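The following blocks contain the structures, represented as structure tokens.
Both of the next two complexes hold subunit A, though its partner changes from subunit B to subunit C.
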Partner chain A sequence: MLDTLLFLVADGITNGAVYGLLALSLIVIYTVTRVVNIAQGEYVTLGALSFASALSGTFSVLSALVAAGLAAFALRDVAEQRLTGTMRMRIVLSRALWILIVLATAWLANLLPGSYWLAVLASLVATASLGTLIYRLTVEPVSDASPIVLLIVSVGVYMVLHGTAVVIWGAEPRSVPPAVDGGVGLGPVFVTYQSLWICASSLVAMIALYLFSERTLTGQALQATAVNRTGAQLCGIPVSIAGQLSFAIGAGFSALSGLLLAPLITANYDMGLPIGLKGFVAAALGGIVEYPTALVGVLLVGLTESFSAYQVSAYRDVVVYLMVIPILLWRNAVRPPETHGH
Partner chain B sequence: MRTTMKRGFIAPGVSALLAAVSISSAAMAQDKPELRIAAIIAVTGPASALGAPERNAVELFDKTWSSRTDLPFKIKVISYDDGSDPTKSVSLTRKAIEEDKAHVVVCCTTTPGSMAIIDTVSAAKVTMISMASSLSIVEPASARPFTFKTPTSDKLMLQRTLDYMKRQGIKKIGFFGLEDAYGEGGLKELQNVAKDTGVELVATERFARQDTNFTPQALRLKQAGLDAAYIHAIPPSADLAHEALKRVGYTGPIYHGGGSSINAFVDIGKANVEGAIVGVGALNVYDQIKKDNPLRRVLAKFAELYDGAYGKGKVDLFAGQSWDAMMLAVDAYQRATASGAKVDDLAATRVAIKDAMEHTKEWPGVNGIFNITPTDHLGLDKRSTFLSQIKGGKFVLIEE
Partner chain C sequence: MSFPSKARGSWRTPNVASIAVAVGLIVMASAIAIFAPQYNVTLLVTVGLSAVAAMGLTLLLISGQVSLGQAAFMAVGAYVSAILARDHGFPAIFALLVGVAASAVCGVIVGGITLRLKGHFLPLATLAMGMACSAAIVAAGPMTGGASGLGQIPPLSIGRFELVDDRAFAIVVWSIVAVAAGGFSRLLNTRTGRAIAALKTDIEMAEVFGVNATRLRLLVFVVAATLAGLSGGLYAFYFKFISPAPFGLTSSINLLIACIFGGMSHPFGAVLGASAVAGLEMFLQNTVARMLGLSGNVEMIVFGVVLIGVLLRWPGGIWSALHRLWPVFSTSRPARNIELTPSKRGADGNDLLSINGIGKKFGGLTALRDVSFSVGADQIVGLIGPNGAGKSTTFNIATGLTAPSEGTVLLMGAPPPSRVSDLVHRGVSRTFQHVRIVPERTVLENVAFGAYAQGRSGMIAGMFGLDQAEEAATFAKAWRALEIVELDGLAHEPAARLAMGQARLVEVARALISRPRLLLLDEPAAGLRTGEKLKLVTLLHRLKRAGMSVLLVEHDMDLVMNCVDKVVVLDRGQGLMTGHPEEVRRDQRVIAAYLGA
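And now, the complex of A and B:
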């Protein structure tokens, strides 16, 4: 019996770590831009698939698309009339560097197929850059709209990204080798190294995000925007840049969870949505604004999923998604919506 | 000067002659009746993994058959993509019947799509040949006179598998399958077949295609004290379920349904699925079945043709399903015209094709030997199913 318990807990925590990255992505994006991002799971898919293709040594079409998109926006920004010559120069140089990084990482990963870190880098850079593009393309033009409009926009983004993944990579699932093969027997429970790797990477990423937002000026600016957009704007924080940054972090974190998860469940175009939704359930525990509560939420979701799959496998998803109702009731009781203004 | 004059004279003469020839051959071709087959396939959408090889086989058929001039008729293939959407299957079927005047509709890739178009084809009295797995598409044949299908049924596959299990002394089995229409259909058949063969089904666990964790259910199965586990799913989840069982320390034999009998199963599972026993169609093991098996020649020819067009080792189950559908249509049309169907009367020809379909005898296809009758619209028997074991990343036939 103890074996079973340990197995369930180990797997619950591994999945919880994956959902954790998703929950954090959702919170970063929601607090800064007020977008409840339904499309979050798609960055998981894109991260996993571009990682798979980088690892197998085929040039990721996603990187090329992202580079083209960045170039298009660079042209638009340079054409802005009120700019002085030096400002134009600065835009051209910084964007050229950015595009270069996207293409260079993809090219390097392509040059040295099988190199784990290069593939991770290429996939993360491409997906995070895609996040900024999505922000500029879909959120910026309607940034003053109501949250419901932004939510619907994100549903549209989900459909486009989902279709794009099929067009680029096809419907066939791709198997991805783990960072380190094999595993370790912790007592009666066999845990793959990949599971440990997932937990460790998630933890490192979360700590890094914490340090970034507490210790750096940019991080503080992001926090300020999250607390009060108008106030931040009055203090001279460019809201557009903050939005782009939050989308880049969100997309990057989700892509990380995708490429970490891919060795366990293969990379395929359909993998993202349920992962995104489960991250959402966890984030809901923190009202999509509180990081620490969301982390409790992900453990809760991971473990509930694991135990309900053991007890009633046919209803495990029902159980997980049903958790939203008590969570919302609880949130409403502890913190009615009107008391925290966002 | 003279020669150029001459050439200038000859060239128009030759082209006039050529034109005359081409007109007469066009006229001759027009004399030949035309068999129009509409292939409506899920090339995009969720079922595209199945639809893509099906479309490949249809294109291959189009290339090899439409250009043939030795036949007493011409073949025209009309290809549509329904995007895995049953609503679109219906509208495309209607279009194929009314605008394209198709004699036969080869549709659909999925069971929901096939079920959706049954009313449309029945009303128009047009033969449809489905490539989907569920037996409910063609049963009962009396209520669905114009509906046929090519893939072997789960029932036949399960009978084969459970008979083999019984001979191996297996008494208690557990079901580990998808919770969608495919998995539930398999479970229902398994319950029936298990009762008939006297094998006891003691545990039922389910998972979804997109699940990230299969361990809890695998633990449950392990603790049920099974003699064998039966996985009814498609890759990659079939592989992941298999791996989960091994991970929790389950050491008994693991059986797989027909959903795992595609190359992707070993490509994804690699060494982890070594030793799995998979119910397969003849195509998986065509080079291993007995030389005197009538299927062998048909299979080898199709595999050679398909691999030649799309790359070595690419041939798979789904390609065979649309191929057989096209070939059955041609065979039925040939027999219908031979027995005097009026080819210029579209409605009469359509019905004649259906009648001919119902009298298909010992017809060797890629999926097995078809004996279609007015009461059995699938027409396959247990000769269409085989069991194989994964050895060295290959499907190796289990001799029985």
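And now, the complex of A and C:
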């Protein structure tokens, strides 16, 4: 009995670590841009699938698409009328470097198949850059719209990314080898190294985000934008850069959770949405704004999921999805969301 | 007083046009159903069914709510009807009715739980609920057939008559589409329709005029769920096979796309959108997919792009292109002149509003301390004070929006009602510091909404035109109120085009039509030009002669001094003095408070 209990707790914590990355992605994006990002789970899919193809030595089509998108926006930015020659030069050079990094990581992963770290790098660079593209394409043009409109736009993004994932990788699931095979007995419970790796990576990523937010000027600027967009703008913080950065962080974190999780459940085009929604359930506990409460939320979701999988296996997802309703009601009563725009 | 410029022949009204479109839809659908090849008939039924479900969603959008789980209610209707008819021997028509009732009940439950959620929490909750519904259908395999579905559903029958002919089925479905579309289209310009539009603009404003916002929002949600259930039940009896797939998240999203693409401000948008989505889908499947050899996933990408593109570039959807052909809602000015006298409810001879020693603390901050004053019958009282003096807090306490920490408030001789929507029944009406009018409706309709509490006709009466006498009386009063504020020349202008001063006067007219004994005006002169301020003073004197009392919260000293009988001066949360305008003007403390000396 105790064994089962400990096993379920370990399982719940592993799931929670994955959802934790998702919840943080959702919070970073929502606080800075007010987008309740329904498409968040798709970055999980894209991260896992591009990681799988990089690992198997195929050149990632996603990297090529992202590079093309970056080039298109670079052209548009350079064509801007009001720029001086040096500013143009700086844009050209920085964008060229960015595109080079996206292509080079993909190409190196292609040259050296099976290299875990290169594949991770290629996948993260591509998805994080994709995040900035999505921001510029779908959020920037309507950044003054109500949160509801932004939410519906993100539904459209979900459809585009979901469809694109199938077109690039097909519907076949891909098995992904774990970082390290095997596992270790922790007392009576056997825990795979991959589970430990997931928890450790999530923890490191969360600490890194914390340090970035608290200790760097850019991180402080992001926080300022989250508190008050107009105020931040008046202080000279470029809202567009802040938005792109938040989408890059959000997409990168979600992709990381996808490629960490892939060895446990195989990478497939349909994996993102349920994970994204469970991340939502967790983030909703903190109103999609509070990090610490969201971390309590992910443990709650992870444990509920593993225990209900044991008790009422078929209804596991029903229980987890319905959890969001009492959470939202509670949150709504404690601190309702702002209904009028800003 | 100019004659309304846009008054047209009485046959060109939205009501007549709604009926015409409904008849046109039936005729067109029947023609297709009778003459087209079989494949197109199936398509016709599919489009009709999604139009029915999408129309519910459009009504929800018009009331300012968004659902990402509309297809889940289709699932309830479909599965309940199918299981009852197939496994429990229910007569098909009865099974369908129970299925529709079941989704209505689910609408009451889900709506009752989630409608208190604000902003983006509601779409999130409906999204989770829809996903849970799909997962539950798969999990309940023994009863629902799980992921592989449920087949051999009997045909729809009434008594001995079996509806097996596809073409007849298409006509039945499109008759439902036509009745619902025509009915909802008419509903928009009626008492309940105006209240639904007001909910989207501002819930508190709607409540001030007597709308029970919780109940109306729930009603709209349940109507949306019922239509979805009907659509789902008919789907089951038409295809005779159901599985979780057509009722999943993708379907909910496709319904939303249909509404937004077609135009989310009008029920016909849902019909247009459902047809456009089906047409686009067919084009993609037949042409693009075959040409490029790509599978059905291109569809998803294209729909996603359509959704983003429409929202970003063309938020009105297809309907916005047709909207200029649609007749503008108008009613002509009534011949007889009616009087807008205040209702004689409330305490006669006593004070209408009496405030005794109220105080208010927000946490550690004392916003208000020991304030007392009263508004008697036929009196205009001005409440003035520098910024932060506590005017708004006093105003909110007087209307029962905020409970005082100490002291008592008597409104018409009784404590303020606990529900905002009961204020108007006490004979109290108000305007807002930040103008809250429905921008897309005409001035006349905005004013007519003020009479909500005096009417009784509901949704059904509105849909089928059983409210004509009541509407005529309402619009006669609305015209009169516009004449009083001298805006009758702008009656048929959309409220969004008004200047700030005009919009404030529309708010006054809207308050007048509810026939209050006590009118509360929250900074009515802010943004008014000098000429408009003089008009406002004249108007206030006129209202007083008609037997109305006014409490005026205002910054503009000149305006207040010119029209009030009594001034209450607040400073830093305390009553500085109460008295006749002349006394106040000479008082050293008041001068000090205003000049900061």
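By our rule, the second predicted complex is superposed on the first by the 334 of 342 C-alpha atoms of A that agree within 3 Å, B and C clash if a C-alpha of one lies under 4 Å from a C-alpha of the other, contacts with A are read in each partner's own complex, and residues count from 1 in each chain.
To be clear about the criterion, a contact is a pair of C-beta atoms (placed from the backbone, for glycine too) under 8 Å apart; a residue touches a chain by one contact, two chains touch by 3 or more.
What you are looking at is a predicted structure, and each value in this text was computed from that prediction instead of being measured.
By the touch criterion defined above, A:D317 lies against subunit B and subunit C together after alignment on the C-alpha atoms of chain A. Shared-chain residue A:V157: touches subunit C; no touch with subunit B. In the overlay built on the shared chain, the residue A:L211 is in contact with neither subunit B nor subunit C.
In the overlay built on the shared chain, the residue A:V166 is in contact with subunit B and with subunit C. In the superposition on chain A, contact of A:L277 is made with subunit C only, not with subunit B. In the superposition on chain A, contact is made by A:N15 with subunit B only, not with subunit C. If you count the residues of subunit A touched by subunit B and by subunit C, you find the higher number for C. By the touch criterion defined above, A:L93 reaches neither subunit B nor subunit C.
By the touch criterion defined above, A:A309 lies against subunit B but remains apart from subunit C after alignment on the C-alpha atoms of chain A. The interface of subunit A with subunit B overlaps its interface with subunit C at residues 166, 273-274, 314, 317. Chain contact summary for the complex, subunit A toward subunit C: residues 36, 38, 137-138, 141-142, 145, 147-149, 151-153, 155-164, 166-167, 273-274, 277, 280-281, 284, 314-315, 317-318, 321-322, 324-325, 328-329, 331-332, 336-339.
Contacts from subunit A toward subunit B in the complex involve residues 4, 7-8, 11-12, 14-15, 18, 166, 170-173, 175, 190, 192, 261, 264-266, 268, 270-271, 273-275, 305-307, 309-310, 313-314, 316-317. Here subunit B touches subunit A in the complex through residues 44, 46, 48-49, 52, 179, 205-213, 215-217, 219-220, 223, 235-236, 239-240, 247-249, 264, 267-268, 270, going by the rule given at the top. Here subunit C touches subunit A in the complex through residues 66, 68, 113-114, 116-121, 123-125, 127-129, 131-132, 135-136, 138-141, 249, 253, 256, 260, 294-295, 297-301, 303-308, 311-312, 315, going by the rule given at the top.
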